[in-house]
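Worksheet for the structure shown next.
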Amino acid sequence: MAGLTHFDPKGDAHMVDVSDKPVTSRVAVAEGCVKMMPETLDMITQGRAKKGDVLGVARLAGIMGAKKAAELIPLCHPLPITKVAVELTPDHSLPGVRIEATVKTTGQTGVEMEALTAVSAAALTLYDMVKAVEKSMVISDIRLKLKDGGKSGRYEAQ
Amino acid sequence: MAGLTHFDPKGDAHMVDVSDKPVTSRVAVAEGCVKMMPETLDMITQGRAKKGDVLGVARLAGIMGAKKAAELIPLCHPLPITKVAVELTPDHSLPGVRIEATVKTTGQTGVEMEALTAVSAAALTLYDMVKAVEKSMVISDIRLKLKDGGKSGRYEAQ
Amino acid sequence: MAGLTHFDPKGDAHMVDVSDKPVTSRVAVAEGCVKMMPETLDMITQGRAKKGDVLGVARLAGIMGAKKAAELIPLCHPLPITKVAVELTPDHSLPGVRIEATVKTTGQTGVEMEALTAVSAAALTLYDMVKAVEKSMVISDIRLKLKDGGKSGRYEAQ
Amino acid sequence: MAGLTHFDPKGDAHMVDVSDKPVTSRVAVAEGCVKMMPETLDMITQGRAKKGDVLGVARLAGIMGAKKAAELIPLCHPLPITKVAVELTPDHSLPGVRIEATVKTTGQTGVEMEALTAVSAAALTLYDMVKAVEKSMVISDIRLKLKDGGKSGRYEAQ
Amino acid sequence: MAGLTHFDPKGDAHMVDVSDKPVTSRVAVAEGCVKMMPETLDMITQGRAKKGDVLGVARLAGIMGAKKAAELIPLCHPLPITKVAVELTPDHSLPGVRIEATVKTTGQTGVEMEALTAVSAAALTLYDMVKAVEKSMVISDIRLKLKDGGKSGRYEAQ
Amino acid sequence: MAGLTHFDPKGDAHMVDVSDKPVTSRVAVAEGCVKMMPETLDMITQGRAKKGDVLGVARLAGIMGAKKAAELIPLCHPLPITKVAVELTPDHSLPGVRIEATVKTTGQTGVEMEALTAVSAAALTLYDMVKAVEKSMVISDIRLKLKDGGKSGRYEAQ
């Protein structure tokens, strides 16, 4: 098991030196969900037509959130992101909405945090728009699904 | 069940008009957790002494995250926050770390989103610092625990 | 004709002192448009159904833009905005899209700049999404339509 | 006529994937103007000497605005800008002030939005500083004048 | 000597609760300087006329910096600033440039940090613009000169 | 002595064109200090154990500050930083705390301003956390210690 790279030998937090890592193509996919009552989900899914596009606003917030990862997370490197896509899918078996974010860059470090931040921002925005209807919604199961590019190789969640 | 207040009669998203709401004291408490392998938790909890203060950095990111809610969430009102506290507690029964954020304001609308954003930012930061050790950590169960002040009254999660 | 209030007697720029102005309800409405070829407008207006919601994304960018006015405009006061609405209306007589933004606050200074910034951000975002189709679009006629509240009284564009 | 690249086949907005585009030198020039009454223009142009440097403050806001394009425009890629220049020229034939912004980068996508945002930010700032004198100023004719570098080749406005 | 208010009884950092403090008029004045070689100072002071307005750009950066204090300083409360003025005065006895910033608000906590941040941002910007000429400049003696309003009363540096 | 590169021949401020500079490894080290009364320093240095980690919070603010340099300093180029480390060392001979920041990038321009901003942000944050105890602290002697990489070669403060 590797050590905590974000701390120097004295135990002080720092931003890891990636200066000597090669510039490579990198991709990360993260996922998560917002769980709610079936009636709340019904209101959202009818939304696109009649009530306003809850999922569209949350998707956009997710995309913009990816660009804010390095501002929100103290030791995260700023990166020139080359692609962000966020997908929100209603799932009546939860019941709730599943969120998946894909982020790419050509850089010296990975984009896991950008993908996870995109999912979080989309989930928070969905909560914000629907909270007048249900305050008991839960944001859950946010995790890294896939990571590729860079020296540490491919990671796929099981 | 109330309607989706963030959409106008045509179904277009807008920032809800709170101009006529009175300025009152408001508080919100949100919670969530990051689940991990027991070995990862051990590494973090030994951290304060030897390996660097993972929980301290995440707590600070949570506090700063509360101030960024209106920037991250498109339809969220900007508010002059008067207090933020974020607590991270290792819990071997998860295993993982529990996060709780308390936010206060004196304003025209509530601080639920600020508290939920604080928890999310702390969780993402914890993930960032520990991901070299374990990529399979999961951010979960982020929800509103308590809300008080304002016309809609007190809400407590069950 | 009044003097340039944003400069002190020596001619140096400063942020005008509004400390002694009373806290009042204020509203501002700004408008503008993006002119384009008729074929481009057709592509956008068919968008909601088939091609993606160009107007919805631009509207959201306008709302978020209002919150960024004090960051974008050096001498603009930061204000706790209480309402933002942005409307985009296709107009075949331009041909193009008309944009109108309404912003409210309860504060010590007006929200003209927030409304004008909302219109600008919506227009820039519309341009960004459609530029692959037509680069010759023109952002035009951005102006203050209405302003009310505060000592200087009501202003309506003629 | 090409399609709307900012939407995927389902019609959902996303940030276009530029990962496979080569890193090339890119430049964009945008222009626009702020129209006003002749007396207002006189007040500004006398400004440099006596009343404070309205054009200097607006020029700086334009430069800083270019750096904020990716924050203001949801689907705009963040880019490491390598040059920004903004020029404001009083034009008594308008009457008003003409604004021109030139932006360069070495990257995977163009800087049209950065140049257009620079012009918009300079125009909004000019309006802000002069609005105590004239509220009826109009921000107009913001458009792309030139774009070069990248696969889609050179574009020059007619 | 009072305790460190930014830490709770467990020693964890938090944003101090100011919810119960009254809203009062507050002012803070901070000062500092940038020391340089006499030749460098000559170049700057001739600047207004011929070489470009170094002091004007630094003054504007100071004003904008005051608005960024709560973003830069983790435990600083966001505040609706009502006035900012920054003055830069060449002083051949240093030799260098003296900087003074005055910030006002009507709020529940003081604006010392906003004034100190304004001085720091102006100093850093001055350094940035002049560093091609002299890298050995030193930013020094940044301190609070005056603070008034609020329960803790008036403070004046000796 | 070279000229002021941030101004064009007309004397107008602009962001220097670095488009044609090669991408090289660059490093900068800056330093500074916060001077205080011996009793105040004692309170901070006992902090890690009992009173809360003042130095840890200031160090993190310094790291995040480096990422904000291009936002705070108008003519500073945005850069993808590859490393930031900030060290705070109590020094009873001042008495006070010494701050040193090291920043690296692989880019077309240097990171002096990022290192100086990191020191400034750490110093301001330290002041903020300790100001309830002593308002007379002074932030001093912020300067560039080392710069390497890029055409202008190595610079070391004497």
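Per-chain residue numbering starts at 1, and chain names A, B, C, D, E and F are given in the order in which the chains are listed.
Here, a contact is a pair of C-beta atoms (placed from the backbone, for glycine too) under 8 Å apart; a residue touches a chain by one contact, two chains touch by 3 or more.
These numbers were taken from a predicted model, which means no experiment stands behind them.
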item	value
Least step count from subunit A to subunit D, where 1 means the two chains touch	1
Shared interface partners, meaning chains that touch subunit C and subunit E	B, D
Chain-contact steps, minimal, separating subunit E from subunit A	2
Most distant chain from subunit A by Cα centroid	E
Identity of the chain that, by mean CA position, is farthest from subunit F	C
Chain centre separation in whole Å, for subunit C relative to subunit A (CA means)	30
Residues within subunit E bordering two or more other chains	8, 12-13, 53, 56-57, 60, 64, 71, 74-75, 80
All chain pairs that touch each other	A-B, A-C, A-D, A-F, B-C, B-E, B-F, C-D, C-E, D-E, D-F, E-F
Parts of subunit E lying in touch with subunit B, wherever the complex brings them together	8, 12-19, 70-71, 74-75, 77-80, 107-108
Interface residues, subunit D side, partner subunit E - complex	53, 56-57, 60, 64
Subunit A residues within the subunit B interface of the complex	1-8, 11-13, 32, 39, 43, 47, 50-54, 57, 60-61, 64-65, 68-69, 71-76, 112-113, 116-117, 120-121, 123-125, 127-144, 147, 155, 157-158
Contacting residues of subunit D [partner subunit F, same complex]	25, 56, 59-60, 63-64, 66-67, 80-87, 104-106
